[in-house]
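Below, each structure is written out as structure tokens.
Heads up, the next two complexes both have chain A, just with different partners, chain B and then chain C.
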Partner chain A sequence: MKLLSELLLMPLIAFGVGLLLVLMMRKVRARVERRIGPPLLQPLYDILKLYGKKTQISHGVMHDISVMMLLGGVICVTLFLPVPGMSGLSDRGDIITLMYLMMVPSLGMALGVGQCANPNGSIGISRALTAMAGYEVPFVIAVAGVAIAYGTTDLAQIAAAQQGGVMQWGLFQQPLLAIAGLIAIHAMLGKEPFEIYVAPAEIATGPMVEMSGKYMGTLFTMMSFQLYSVGLIYTLLFLGGGESWLLLLPKLFAVVFVSVAVTNIFPRHRTEKVIGFMWKWPTGIALLGLGLVMLR
Partner chain B sequence: MSSMTSYPIYRDPDTAIGCRTVDEQERSLLRRVLDRIADHCRARSLFVLHYCTGCGAIELPPSMTSRFDLERVGMQPMVTPRQADILLITGYLSVKTLKRVILTYEQMQGPKYVMGFGSCTINGGMYWNSYATVKRLQEYIPVDMYIAGCMPRPEAIQQGFLQLIERIDSGRATAWQDYYRRYDWYLGNQQAMFGEQFQTPTDVIAEARHYALASAETTGRHTALLEQQLQQAALMPVGPGRAAGESQ
Partner chain C sequence: MNSLDLLLLLTTLTTLLALLMGRWRPVGWLLTLLYALQLALLADLGLTLQGGGQVVSQLQLTLLGYPIGLVLDGFGWLFAAITLLIALFSSWFGSGAWSAERSDRRAQHLTLSLNVTAMLLLLASGDLLTLFITWELVSWSGFALMAYAGGRAADAALRYLIYAIAGAMALLAALLLVEQQGGSFQFAAVATAVTTLDSAGLWLLLLLFFTGFGVKMALLPFHLWQAEAYALTPGPGAAFLGAISSRMGLFALMLVVVKLIGLEHLAALAIPYTFLDAQSLLAWIAAFTIIIPTFIALTQSDARRLLAWHGIGQTGYMVLGIVIGTELGVAGGLLHVFNYATYQAALFLSVSAVIYRTGTADLDRLGGLITRMPLAYVTMLMGIIGLAGLPPMNGFVSKWMVYKALLDNGQPLLFVAAIIGTLGTILSVYKLIHNTFLGQLRAEHQAVREVPWSMSVPMLALAAIGFITGWMPGLALSAIDVAQQALGIATLPHHLGGFSLSNGNLDMLWVVGALLASIGIGALIFFAGNRRHLTHQLDNYAGGHFLSSSHRYHYSHNFYAGLMHLIGPWYRGTFRWLEQALINSVEVGGNAALGLFRNSAMLLYMVAALTLALWLLL
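== the complex of A and B ==
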């Protein structure tokens, strides 16, 4: 019974926090450009409006299923993330399960966009999967380093091992892994300079180009879930998680804030430059960090 | 646009999922509350697709950026017609660009709104006697709001957007349904402009029936011409070899 209530409550909290993260993202962008930015409920208005569209284009069965696959994947990820007071399914699956699940949305999108037969969408999804090959390498190395350092792959235990002062955080214990992980999650969120697959001015939002109405609303929902889960994974791995929501949420917002604030000063890289960068710098830093962990 | 209730509504027995405009008395309390919330959200979240092949695009950056930040009222630019709510047409349209506007408009998902920007979309403006320029936009696609002026300044654009937001909020911006209800009239004007061969990839009549928005004026003599062309196209032989009857 407790598990059932947690399974219902955890995605809801994730969605609420995710909406606030989206709002923060847009507000920060507006402030950097010296604008005022959207009102408080703007992310919710967008999603409700898209679900309230009266006509809808579907390009086939796979297109329909893919949207459900996207949303199912991101909701599933939130169930495996331990948060204060709730562990959900996190004791049944570790960080490796989580990394598998985090690929489901991209694969679902690839299946659905393929059926739309829009060239912009096909280019976009091929770029998205290429970028995934780029950022997964440093991310996996960083996660492996953390797992070796603490001798466990359980996220709750990794976070628990970092309690007892700021200097116990992964950020100060394994600084090289933390830097590599930060760059990897920046690419994972698809922000500039790694924004190769959305690229509105070049390929018209790529995978989303044929998504209209309710499908687009689902993608907006997915984006808020994704911001939450990616930020929370980094918080658990390197910032010691949190004993309570009051301790956890500032860290979560800080992680996403770093990513969002850096975004605004960069243009967009080409695809091969992104792969080259990701396989050279973050991967190199992560390997150095892994070596230090192994030597210790 | 003329009133929506005057047309007899054509109803297919199989399409009960439509979005027919229900009379005020007929709606239940829950339905009214939900419609109110939906209209409220629609009015506060508008994705704008700019169609700027004419002049006047230069007035949009000041209204979108830090001077008069339109994101304060939830408006942001979108790049594909599938995701957009407002089709903003700035300046004049030539005969060639009007075709693209119609294709773009038919790809958008309703509720969708069209804004004509500048006096050229209203009556041709300074191109009133040009052979290549479209005079009145509303004859080809339904227009919700015009912003008059040559050029309208960013303040006028904001005023226009705010008026449109108010209309959407009160549920009065229903011009997009008029395209389905009187498709024959719009298609007739499009055929007069582009010739009788003109057709678009979107099957507007089927959409109108599916969403229960078809009326007696959805089909007529202009759409009959469309079906005639489709039948001819279906009878036409495919490929050069078989056209000449060479194979066998």
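== the complex of A and C ==
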């Protein structure tokens, strides 16, 4: 019964926090551009508006199913992320499981966009998957380093091993891995300079090109979940998680803030530049960090 | 006459039936039934093999003064069960409409049943001599299956044959070495040989066994023959070959390396001036066997070749898991044999279904078939999720076990190498399904229909097996236990959903359950939104213009252009160059010998021989 209530509560919290993270992202961008930015509930209004719109173009059954897979996938990921007071399913699937679960929504989106038969969409997916091949390599090395350092792949155990002072955090224990991981999650969130697959001026927003109404609304929802999940994974791996929400949320917002703050000063890389960069710098840093962990 | 004899008799009868009545149209159904019967017999046999038991055939012969015989233990039983399962569904697929109009029906049925018989005999070989004889049987029957279609398939099969003969020679040399050291061809002689050989001799023995068995598995550097040969085999044959045939190499390698020699002897064999030993060398060969063929698959534009190259890459995961040698690793490697067989066969069958209806597997000439062949699409979707190793399919479970074993064993670099292979797989399988089933439907494919039930049921059944054993891996793991007991490796405690380890668990019952429930929630939210409007598949526009089927706008050719821009120059074809260099040097050597003996110095040899004879006489 406790588990069931946790499973209901965890996605709801994730959604709420995710909306706030989206709001932060938009506020930061607005301030950089000397605008005021949207009000508190604007992200929620946007999603509700999109779900209620009259124009809802579907390109086939797979297009619909892909939207369900996408939303289901991101909801499912949140169930495996331990948060203060709730462990959810985190003892039934470890960080490796989580890494693969996080690919399910991407696959769902890719299949749906494929059925839309818009070449811009397909190019976007091709680029998104290429980017994934880029950022997953340093991310995986960072995860492997953390798993070796603490001798476990259980996220709750990894977070628990970092308790006892700020200096016990992964950020200070494995600084190289933490830096590589931060660059990798920046690319994972698809922010400039790595937003090759959206590229509005070039391929007309890529995967989103045929998404209207609730399809677009689901992508918005996915973004808020994604900001939460990716930020939380980083917090658990390198910032010691949190014993209470008061300790956890500032860390989570700080991680996402780093990403959304630097994104505004960059232009967009070319596809091969993104992957070349990812395989060179963060991967190199992560390998060095992994070497240090293995020597210890 | 015990149950093993009965099984072998039945499989021989199946081959005879295919030989005598292969032209009769319904014979395929009869053969399929016989495979099912054999599978049932084997399942019954499995109960007696639990706990490390074995069944000895009453057929015992003597060859050249050496006793030879057939024995099945739990390890061979696992591979035999997978072989028969795949044979059952491949034969089913090829029984109805597929073979109805084909004139080479007999060859199709006969070669498949011949392969099954040879494989079962190999898996039941009780000594090294039997192993060698049945190994040759497997090689030649594999050649027959690859070659019967003729044309380019026969060329590829011939290339395989050259590799196989080279491997067989290496194997023969290894056997002679064992006989010389151990005194017999019994399996126990290997253990004696290992103790009496010095380290150079043991290296030689390992290298010979590795060459002999590695060729069949297409491990690096023997990987060049496989993709072409498997891809050009017609439909169900390709599914069978791709799913299980090269696992015979894995079986034999594991039998020799893990059971007879022992991984601890490999770990003791250090390579001078490096950090490596024989065990980690094999692990790294496996890791490169994952990465290189997978990234070759990424560049393929033919669906069958793409799958066949992935088949080579997936072998690496099995070897990697097994070489690590922990309970989790070995169980993961063995489970991957089963899981891989289910989804690879399903994928080959769905591609064959597409070929049956459209006549092509060229990824640049397909697209949009999802509305025309939804069942083939579902099969391929489940298959690629398995191949890429994502939940909820079974491929995820075995790969998770291999990853976890690598991390627990302190091998993060091998772990990263394995994941890089998975990333390449995800890219390449999306290209496969996108170019075949998604995107624009070509004008000439607008009248395409779903394949008949005789073809869609077996492929869906394989996909369903993949899903069920992904949801409840405990079902398949119980069979793995039998094999592990026979190998003398401790079994891994597991429950229906997965494992409870102290440092990271996996419970697929919950993972898959949570995923399905979440997708259900996603569906509810989706339907809560405003009513959707379904447009026709061909009602499309881009850049403000309506698009008709006269415009080809399917983005398929060179799908990962950006990535290829970077890594394209890395494909140097080094191994192909090496192969060609070897061919050329053999040719040069042959010509030189020809010239020496035949053309130039005939008189000189005669004078030399006469002088020698005279000198000997005097």
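In this section, the second predicted complex is superposed on the first by the 295 of 296 C-alpha atoms of A that agree within 3 Å, B and C clash if a C-alpha of one lies under 4 Å from a C-alpha of the other, contacts with A are read in each partner's own complex, and residues count from 1 in each chain.
Keep in mind that, in the parts below, a residue touches a chain if its C-beta (ideal position, glycine included) is under 8 Å from a C-beta of that chain, and two chains touch if they have at least 3 such contacts.
All figures in this text were calculated on a predicted structure; none of them were measured in a lab.
Shared-chain residue A:240: touches no atom of chain B or chain C. When the two structures are aligned on the shared chain, A:35 is found in touch with chain B, with no touch to chain C. By the touch criterion defined above, A:148 reaches chain C but does not reach chain B. After overlaying the two complexes on the shared chain, residue contacts for A:53 are found with chain B and with chain C alike. Residue contacts after overlaying the shared chain place A:82 against neither chain B nor chain C. Set against each other, chain B and chain C touch different numbers of residues in chain A, with C touching more. Of the two partner chains, neither chain B nor chain C is touched by A:206. By the document's definition of touching, of the two partners only chain B reaches A:45; chain C does not. Across the superposed pair, chain B and chain C both touch chain A at residues 52-57, 213.
Only residues 7, 11, 51-60, 62, 64, 67-73, 75-76, 79-80, 89, 91-97, 100-101, 103-104, 107, 110-111, 114-115, 117-120, 122-123, 125-127, 129-130, 132-133, 136-137, 140-141, 144-145, 147-148, 151-154, 157, 196, 213-214, 217-218, 270-272, 275-276, 290, 293-294 of chain A touch chain C when the two sit together in their complex. Against chain B, in their complex, chain A makes its touches with residues 26, 30, 33-39, 41-42, 44-46, 48-49, 52-57, 200-201, 204-205, 208-213, 216. If you check the complex, the residues on chain C that touch chain A are 368, 370-371, 377, 381, 385, 388-391, 396, 400, 403-404, 407, 410, 412-413, 415-416, 419-420, 423-424, 426-427, 430, 433-434, 437-441, 497, 503-507, 510-511, 514-516, 518-523, 525-526, 528-535, 537, 540, 542, 553-555, 559-563, 565-566. Residues 19, 37-38, 41-42, 44-45, 65-66, 69, 71-72, 74, 79-80, 82-83, 85, 107, 109-111, 207, 211 of chain B touch chain A in their complex.
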